[in-house]
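Let me give you the structure first, and then I'll get to my questions.
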């Protein structure tokens, strides 16, 4: 367990120092959300009606953007071999990378999302639930994305492949999260949707690192 | 006292038999120098001994010893595992801290000194030369002590003085009861080193023992 | 299962089995088509359009059955290191994808007269669409590695991850469907089945399943043979 | 016979469905068999080449 925290600290420094990854995901989210009104039209009623979906799909894509090279650098420069030889479990390696990714990409989304939601006329009553859905949902996106990143480790063309792999797995969190926000916007209780989302998180927390580790271990053919 | 033994191991890479019927025994304080032309499987053998690769046939066994707390393998491969955005010292402190949190920084500084790269401590990894990165990679062996060193062409990119320091560290490691398996083209002076020639184990070879 | 464990035995057994299997498939397909197109009554509501069901439902069945087979093979491959399971999974994935696509298209062909649009986000069709992406994901992933063995192993992990997620996806799509579409107008699996319709459906389903078996054997043999070719090529390169 | 093909007015849906089904079934069969045949051809070719190499002695 101590190794996990030691890994997370290093992975955080690596991501923050590289600068590009952290900022790129946020910039992508902002740009994507900003583009929608030009496509859908500025009318508040229409935008407001689909705002929750736009926020969440953009958040999902932003998570994917910075996910592709999650393990790639450590794989290419031999760090992965050294970590495994140092007795660090593949699960800890996966969990540390996913945690660092969420802290740098998922968490900031929570802060930027309300601003972007206002931009696209999200109904007033839904802001609190939106943040709750992102707080519960973005870790799920990072966890599932982490499995995809581990699967494409060492593959020839990673980018598009990663999106194809995780798209089906992103459907449940997307449905429950947007469902919760829509319910709140209509004045209904978002509880059932948020509980399902929390359920997904509770399942993904232990299972995703195990699946990602299984994929990482395939490096040791 | 044998600390590592391999019985009739064979290795397959991407569907091809790289070598077969390779057996070796490494004693505490001993050393084995693996030779063979390119593609003979030297790197594969080391990765196989380290457990980074599963043997197609045969088995690898290590003899744990109660009084030696060090972890089993220290491996230096072609990739130096140096993070470009971390400084040389930060790179080593990470590996030192992973092995044992106590005085990680002090141990890292000692390792930099041992390979004469203390002056690079605060420079980011990306501007280090290949030789300096290799010294940093060798430094990792000192901050995360292991009983058996598996070194894959460690002297590549090292200057003469670097090679001298490498040989010194190997000697000290042997004296501490550790073992060394080195794959190399350059002849390193290593005390009591046996030679394992992978040429004799090529799959196509119709050797008597084959 | 272990009868097929050893590749050479698999090649011998499949060679003997294939002619009979192919013959039975052809026969059943012929009988099935005759029953489906000619010897079965039109539906009192949908008229002749119901005949699409005899192709749509069996392909829906195959799209799930093939993924199930891939899941079992992936467990055998990763857990018991069964030498053929990985090749089997890679061999049948395109077959699964093909029938899933057929299921989707025939579904919209059948839905159009009933609902007036080519695509309806019906819970079942949507789940099949997502399953289609799982197939494409597997095929793309397995092909993206230089080391074939590595591709098979990572592909197997993906299939297991997909299998664990399928029920969750199905549930969330059903939940999402009830949220947005109170009651879908026509139930896709057709009216209550009287025997005159059930028999053609079962015959066609069995014919499709046998067809899958034929394709699985042929394609696994092909994968195995290509694997031998690959090894010989490497030997040639090594000058042995 | 004509009415049969009209499919009660649904010809535009039933026949494309069966047409596509035939396409998928026949397509998969043809592609799979062809893939097997080309693999077998290549294998015999390579095995023959290897036999010649071995017969001419290892240094060939």
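Each chain carries a letter (A, B, C and D) given by its place in the written order, and its residues are counted from 1.
The rule is short, and it goes like this: a residue touches a chain if its C-beta (ideal position, glycine included) is under 8 Å from a C-beta of that chain, and two chains touch if they have at least 3 such contacts.
Note that this is a predicted model, so its numbers are computed, not measured.
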Graph distance between subunit C and subunit D, where chains that touch are linked: 1
Which of B-C and A-B has more C-beta pairs touching across its chains: A-B
Centroid comparison with subunit D (C-alpha atoms), farthest chain: B
Subunit B and subunit C, separation of their C-alpha mean positions in angstrom: 48
Whole-Å gap separating subunit A and subunit D, where each centre is the average of the chain's CA atoms: 42
Computed distance of Cα centres, subunit D from subunit B, in Å: 51
Length of the line joining the C-alpha centres of subunit A and subunit B, rounded to whole Å: 38
Sites on subunit B at which at least two other chains make contact: 204
Multi-chain contact residues (two or more partners), subunit C: 146-147, 149, 235
Multi-partner residues of subunit A (at least 2 other chains): 221
Chain pairs that touch, as defined at the top of this document: A-B, A-C, B-C, C-D
Of subunit B, residues touching subunit C in the complex: 14-16, 39, 203-204
List of subunit C residues in touch with subunit D within their complex: 29, 33, 37-38, 42, 47-49, 51-52, 55-56, 59, 94-95, 98-99, 101-102, 105-106, 109-110, 112-113, 211, 214-215, 218-219, 221-222, 225-226, 228-229, 232-233, 235-236
Subunit A residues touching subunit C - in the complex, by the definition given at the top: 147, 151-158, 161, 164-165, 167-169, 171-172, 175-176, 179, 182, 196, 200, 203, 207, 211, 214-215, 218, 221
Of all residues in subunit A, those that touch subunit B in their complex: 2-3, 6-7, 10, 13-14, 17-18, 76-79, 81-88, 220-221
Interfacial residue positions of subunit D with respect to subunit C in the complex: 4, 7-10, 13-14, 16-18, 20-21, 24-25, 27-29, 32-33, 35-36, 39-40, 42-43, 46-47, 49-50, 53
